[in-house]
Every structure is written in C-alpha cells, then in structure tokens.
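In the two complexes below, chain A is the common chain; its partner is chain B in one and chain C in the other.
Up next, the complex of A and B:
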C-alpha cells in the first residue's frame, strides 16, 4: 500500500513546531510594542496649522512668556488657546500686511474664532489638569519637550500611560522649583534626585496617592 | 496481576465489558464503525439540527449584546452579578467530571473508566468553552477582554489586581482548558492512528494521518505515550480540586453574607463533581442507546457513577447544612437574616426546589435498581442538572438582592437575552459534542482493548 504522506512531510512536521512558536512569539511582541512605536503614535510629526505659528520664533527669539497666550494654565485644567485678539495685540501693529497672517485678520474682522488643529489629544477618560502640575513644580518642557525649538508644534512624548506613571511613581526625577516652571531653558541639575526629593517634600506631593486610579480617571 | 485485586463483593456486577465484545477486532470494528461509515443515524441529524437552532439563538444573543451592550441583561443594583456568573460556574462545574474520570480514576487504576473517559474529557472541554463565553461576553467588548483579563507587559505600566480572585479565575480556567486539551489530545493520538489504518479513502486517511502525528505504535511510542499520560494525569489531578476552589473564591473572598464562608471551596468542588457526573450520564445514556454501546457502557458503569453522585450529593448536602449552621452559630444578624430570607424570602421557592433536586430526589440512588436502570438514573441526573443551576442562582441572587441597606433592596430576574444566551451555550455544547461523536473516536479503543481477558494477562 502506498504511503499516506510523502517523505517530505517529516521535515514539514518538525518545521511547523518551530514555526508555530516563532509566529506566536512574533505576533505577541508586535501586539505588545505597537503602541510604543513613535511612527504609530505620530511622535515628532509637526501638525499643520491654519497659520504657521512658530513657537521657536515667539518663545526663543522674542522671549514671550508661555502665559501671555496660554492664560488659564495656572488656574484651569485647560491651558487655553489664545483668541485672535491676543495675536492682534502685536499684529495690528507689525506684519500687518503679511499674507501668512490673513486668516488671523479675517477671523478678527468676522469675529469668528480661528480653528487650530489639536496636537496633544488625550483619551476622554483621562482627566488631565494643567493647573495642579504647574502648582507642584512640573515645568512645561518636562512634558512638551523643547517647545522653544519647534517651528510647528509636534508631540514630543507619546502620552502612553506608562509614560505618565513613570513620573507619577517617581516625581523627584522631573520636579523643579516653582519659579522655573515656565523656564524653557531649565535642565535638571546634577543632583536632581536629591533636590527633587526635597521639593516633593516641600510641595507636599503625596506620592503614594499619585497612582490611585481616580487621580486621572475620575 | 495478583489474584486479590480480581476478587469483588458478590453483589457487584463485575463486567466492564458486555458479552458482545470478545476480541480486539470486535472492539475496534464496533467503535470505528461509528465514524468510518457513510451512514449517519437519523437521530444524529435531529440532535445536530436542534443544536444548530440553539447556536443560531446564541449568535443572535451575542450580536445583540455587542450592538446594545450588557444593559440588555437583567443586572442592576443591588444584583450586579446574575446569569453570567451563574452559568459560568454551572458550566465549569460540569467539566470537572471529565477530569475526575480521566485523571483521578486513572491514578487509582479504576479500569471501568476507560469506556467513558474519552467522551467525558470531550464534555469537559466543551463545557469549559461554554463557561468561558460568559466572563468574556460580560465585559461587553469581548475583543478587549484579553487585554483586560491577562497580565502582560503593556504600555500602561499596570497589571491586573493580583489580589483579586477574578484574576486567579483567569489562570485557573486557562490552565484547566490547556491541560484538559493536552490530555485529551494525547489520548486521541493512538486512536487516530487506528482510524488512519482502518480508513478506506485517501482523504480520511490523510486527515487522521495528520491528526495522529506520525504514530506507528512502536514500543518506544507506547512507552512515551504511557509516561505522557501519567504526567498529564498527575497535572490534572490537583486541577480537579483547585479550579472550582478558585471559582468559589470569587464569592468567598468577598464580605457578602452567604458568600463569606470557608466551606465554599470543598463544597463547590463536591458540587462540581456532582454536576459533572450528572451531565456525563445525561449525555452517555442517549448516546449508548443511539449507537448500541451497551457492551461498553454497562450497568456496572451506571452503578459506579450513581455511587459517585450519591457521595458527592451528600457532601453538597453537608455544605447546605453547614451554611445554615454557621449562620446560626455566628450569631450575626446579617447571616441569620440571609438564611431566613433564603428559606422563606421572595426566592424561598427556589431554595426548596434546590433541596428537592439536589438532596431529596438523589436519595433514590441508594437503591441499586435505580442506579442500574437507565431511565431512572437519567431522571435523577436531570434533577441534579437543574438543582446545581438553582444552587448557583440561590448563592448569587439570593445573597445580593437583600443588600445591607433595605432602601436598595430589589428583585432580579433574567431577561429574554439572558435566557437566549444560556440556551444558546447549551446548543453549542450539544452541537460540539455530537460533531465530536460523529467524527472522532468517542471511546478510547486502545485502552478498552486492555479490558479483554487476553489483554489482562499482559
């Protein structure tokens, strides 16, 4: 009687054992890491805006303070996107004919707000508050990166939960003196850990509660 | 084999095999003829058609659940757990008989198990699959269930709560399914090889040849096979006790009156074996009639399974009694109220129905005539199937519908979708089991051959 299978099936059978393990392992590691890939979370991709507003120019070259435009960052959850009136405090006097700024002038004339494109979009079940972070000595650049170097703003950190928790578990690694919060040139000192622990103590940051679910997911 | 082990009490039926099976060939021909034939009994089609109807119902129930959400179930404060956990526990419990029969009875060298272990293991696997549907579906978004249930190094830098029995459940049931599948699969290999060799057409040969993984029946194959079976039996044995203990922790670890009891693990395990044997009989008796397997599943088997049910039932009865006793002995007003409410409250009727199904009716099993009569023991099994469901209903709903605060008291009942899903899983179970019977060896041929007088000499 003829054989049910050809000789080569022996090789196939053995290979399939390795293949199953390999393919499963590969799928598993893809699923694990897909969220962490910058390409997927669009880290470093500058977002187009109706007006090519440059933080690099306004912050680094001119030296405007963050709070000049983001007025509610110290009091509210939302940092605040400036109305065109804020732009017009200067741009009614300088660059009044610049074609780039036409959308601003149109919005001003028609009294219709300009629609900026959102860059940092957290899921709706995360209740992030800017004010508490500012009040406890977390600086703008700690999360947003070197905003003073960005012509158009991009996401510097992927906003994965592990990234949030990295700081919520060890805030001493990122905390800075309150008076330096808006300083875009601040860099951690050599003894950041020691200084950080001191600031955590001084600002009454209760680290044990920082990882409670309800801190971010009300 | 020593003489002493062959001797039995005079009143016990001794036959593990009926008089019709006298040789290796007759056994092999009888069992392979169920599968390797173009002829299918009309009753098989009827059962499969019924199964398919209910699988259709299952699909509708799941589709509407996914569309509308878990709000279609009857859950509401204070009864936050309902049919999903009742049915989960019911199905998981049913699975236990398969493991007990295949693993524990193997280690205890109970030869009579060989006729029923294969189909009981199949029953275990299908029951665990049915059970698994409920926790996955109750999440409302099953495609996210794995992500919620399993601990894996995720980009959220968090883990499930390892102190919660619900995550222990994931491990317990996952281990149970894996080990049961392996045990079942390893046992099937030599029989698949028999089917490969008996099959006439090439496609059937190829399919069974693939499934038998190159089994040639050489001495080294058998030696490894026996070792693997023994290891898997050793792995499965603790699972008989551990899986339902962990399931009982879902309740026992909480502080709800009626749940917070140390009797729960042993009482749940006994209940699982009780329910499982009842389900084995519920499936086996019609199957025996359908395929004329009276030589394999003899009165001796019915007798033995009846005895196991009687013992398990009495342990369960002891559990019920202890719940009452501890409620009284604790002198806690909440525990006392609960027991009073359980017996005479709004769900009191189901408690007395439970006692009837699980304690009173099974007392008939003391009679050997009942144990060996297919009709009577089938009837008793049906009572137990219902009783074990009622037990979980009493535990889940009975404890929650009267909260600590009378202002939140409310009644609970399953909606039409709860019932559709439950009946649907039954259809799935029936369908899967009958497909298995038609396509795969439903009795372990190589094991049952050893029951022949010729086999015993070796």
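Up next, the complex of A and C:
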C-alpha cells in the first residue's frame, strides 16, 4: 500500500512542533508584558472632563500652586480633588460668563457635586500614600510628568509594579530637595546621583525596606 | 463637594488584551475574579455612590454633633476674638518665632499671592487677568487693624473674597496673620530703623 504521507510532509511535523513552542512562548511573553503595553495602561491618553479644566492654563500661565487645589497632598494618602467652591473663589469674579464653566456654576448654585473622571487609578489591592513621598523629596512631576503642559490630564507613567520598584530600588535617581517638590520646572542636575545619595541619607530614606511586598500590599 | 467616577476602561482594556492572548487559557471566571480584585467592594476617597441620595461617600458630621477633641470653646484660638473683641495678640498656644513666620510665608504664597501678590499690594496675577483688585495690605486702615482681623478674614472671607477656612487649618491661619504683620513692618520700616547690615546693603 502506498504511504499516506509523502516523505516531504515531514517538514510539516517539525514545523508544527516549532510553531506550537513559538506560539505558546509568544502568548506567555504577551502575558508577562501585558502591563508594559501602553495601550493597556492608557499612558498618554488625555481623559475628557465635564469641565475642560487645564493645568497648562492654571499652573503654567497663572502659576497657581498645586496645594491651592490639592490641599491634602502633604498630609494624607489622598491628594484631594478640589470642590467647586475652590473654582468659585476666582470664577465667581472672573470669566463668570464662560460657557465652559457652566457646569461649575450649576453645581455651585444647586449644591450638587461635580463628577470628575478619574485619571490615575491603582488597583484596590495596592496601597499608595502621597504624604510620605512628598515628605521625602519626591516631586509631583517625577510621577505625574509635566502636568503644567497638559490641557487635560493624562497618565504619564504606567502605574505598574515595575515602575514603583524602579524608584524604590534607586530613589537617588529621582529625589530632590524638599523645597522643590512642587516646582514643575525642576530638572535633575548633572550630578543627580551624587546629590541624590546625599539627600537619601539626609532624609533617612529606608531604601533597604522599600521593596518589601508589605510596603504596597498590606 | 466633589465626586470621582471610576474609569473602568483601563482594567477592561487589560482584560481584553489578556483574553485575546489567552482565550484558550483563561476562563471568563478567572477574568471576573481579577476584575473584582482590582475594583473591590470598598469606597476610595470621594468615590461616587448610589447608596446615599446625594451620591457622596464623604459624609458630613450630623448637625449639632461635636467630634471627640473637636470642641472649640477657646474663642481666641478658633475665632480670633477675646471677649467679643478682635484679638490684638497671638493666642497663647501659638509661639511667635522664625518657624511660624516661615510657615506663614509659605502658606501666604500658596493661598493669597494669586490675588494679593507676594508683597501684599493687591496686584496678583489673577488681578492682572481681570479680577477685582483687593485693597493693599499696606494702607493705614489695615496696618492698624488687630491681628485677629486677619484671622477673621481668612476664616470667614470678606466681601467678594471667599473663606479659606476649609483649606487653611487654624494654626496656619495664625501663621499667615503673623506673616502679614511682618510684611507690613517690612514695607513700613524707616531707613534708620533697619539693622546696620541691611542699611549697608541698601547703599
């Protein structure tokens, strides 16, 4: 009887073995890298808001300090999103007719909350605190990027574990003098590593413990 | 008040990509569990809710109640008034020193400079953009005002200026008031009253 498979179909058998290994490998590497794909973490995607509030306008052009609006960033885990009252301290007096600001005025008049869309959002099993980072000389822009250039806020750094750990292992690359934490124009000096190491010591940063799982996953 | 609405699309995107890559490996049940770990049944600060009628998870204390340690009988400290009159001194619990002035300067620069500018002349950047000009803090009427007056203005607002009580805690309000005094002295100081060193610098 003639053979069912011709000799030349052997390559098919070999190919399928390689293909299975290859495809499985590919799938696994996608799985491993899934958090690094920007599409997944929505890095760089400006989030629409009910009022087109612009940090570029208010921070860069007018020069308002972050704490005028994000009042609790120094003391608590949560940075604080300003109530409409904060907007009205100025906008009850200027740009009182701007159509863009109508939702703010309506919310103020009716004493209803305004719903902002969340931009940064860690999973609920990760614990993050702003106050400790501010107290130890990590500036807003080190994590949030150039917020002063954002007409609408987007996520600058994917908030994945790798990113947190990169800094927790080597905080000297990012640490800055405390009084520059809110300075959006700070850039690392040429000898950042040397100065950083000095600050790490001065501020008593507990580098050896910062990668313990329990720091972020209580 | 403010509310924050969760954006579940990030997690959804992640799940979509995961599903595409591992359609045969991950079951739908696994995805659901993962999603539930990401978005647990607890509220984060300011998160919106349907549980309360007003949609707010941050609740105000029930009217007429006082939290433990929240009793504010000391009118000097909390209202800037001594037996009904504006206080002319700092409350005893606040010590006047360099740290207080530095704190006051920092808070003044955050919360007041947009309108009153760094020197207190009332020409802040927002005024340059058309906001009503506040009076200069260096006019005689304000220079002679009691320190408690500044505490009162920050706490209750004044005319079209809003209250800053929700943003500036009590101790910081006194620090700002003390700093305004220092600002006024700095503008007022006559040349011969200056320390010799400053006189030299001016020459």
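The rule we apply is simple: the second predicted complex is superposed on the first by the 214 of 218 C-alpha atoms of A that agree within 3 Å, B and C clash if a C-alpha of one lies under 4 Å from a C-alpha of the other, contacts with A are read in each partner's own complex, and residues count from 1 in each chain.
We adopt the following convention: a residue touches a chain if its C-beta (ideal position, glycine included) is under 8 Å from a C-beta of that chain, and two chains touch if they have at least 3 such contacts.
Quick caveat, the model's predicted, so the values are computed rather than measured.
When the shared chain is aligned, no partner comes close enough to touch A:12: not chain B, not chain C.
In the superposed pair of complexes, A:20 makes contact with neither chain B nor chain C.
Of the two partner chains, neither chain B nor chain C is touched by A:194.
In the overlay built on the shared chain, the residue A:39 is in contact with chain C alone; chain B does not reach it.
Contacts of A:160 after superposition: chain B is touched, whereas chain C is not reached. When the two complexes are overlaid on their common chain A, residue A:125 makes contact with chain C while staying clear of chain B.
Set side by side, chain B and chain C differ in how many residues of chain A they touch, and the one touching more is C. Shared-chain residue A:81: touches chain C; no touch with chain B. In the superposition on chain A, contact is made by A:62 with chain C only, not with chain B. Taken together, the two structures place residues 35 of chain A in contact with chain B in one case and with chain C in the other.
Across the complex, chain A meets chain B through its residues 4-5, 10, 13, 32, 35-36, 160-162, 165-166. Across the complex, chain C is touched by residues 27, 30-31, 34-35, 37, 39-42, 47, 62-65, 67-68, 71, 77-78, 81-86, 88-90, 92-94, 112-119, 121, 123-125 of chain A.
Residue ranges on chain B touching chain A, taken from their complex, read 152-158, 196, 202, 205-206, 209, 213-214. Interface of chain C with chain A (complex): residues 1-7, 9-11, 13-14, 17-18, 21-22, 25, 37-40, 42, 44-46, 48, 54-56, 109-111, 114, 125-126, 129-132, 160-162, 166-167.
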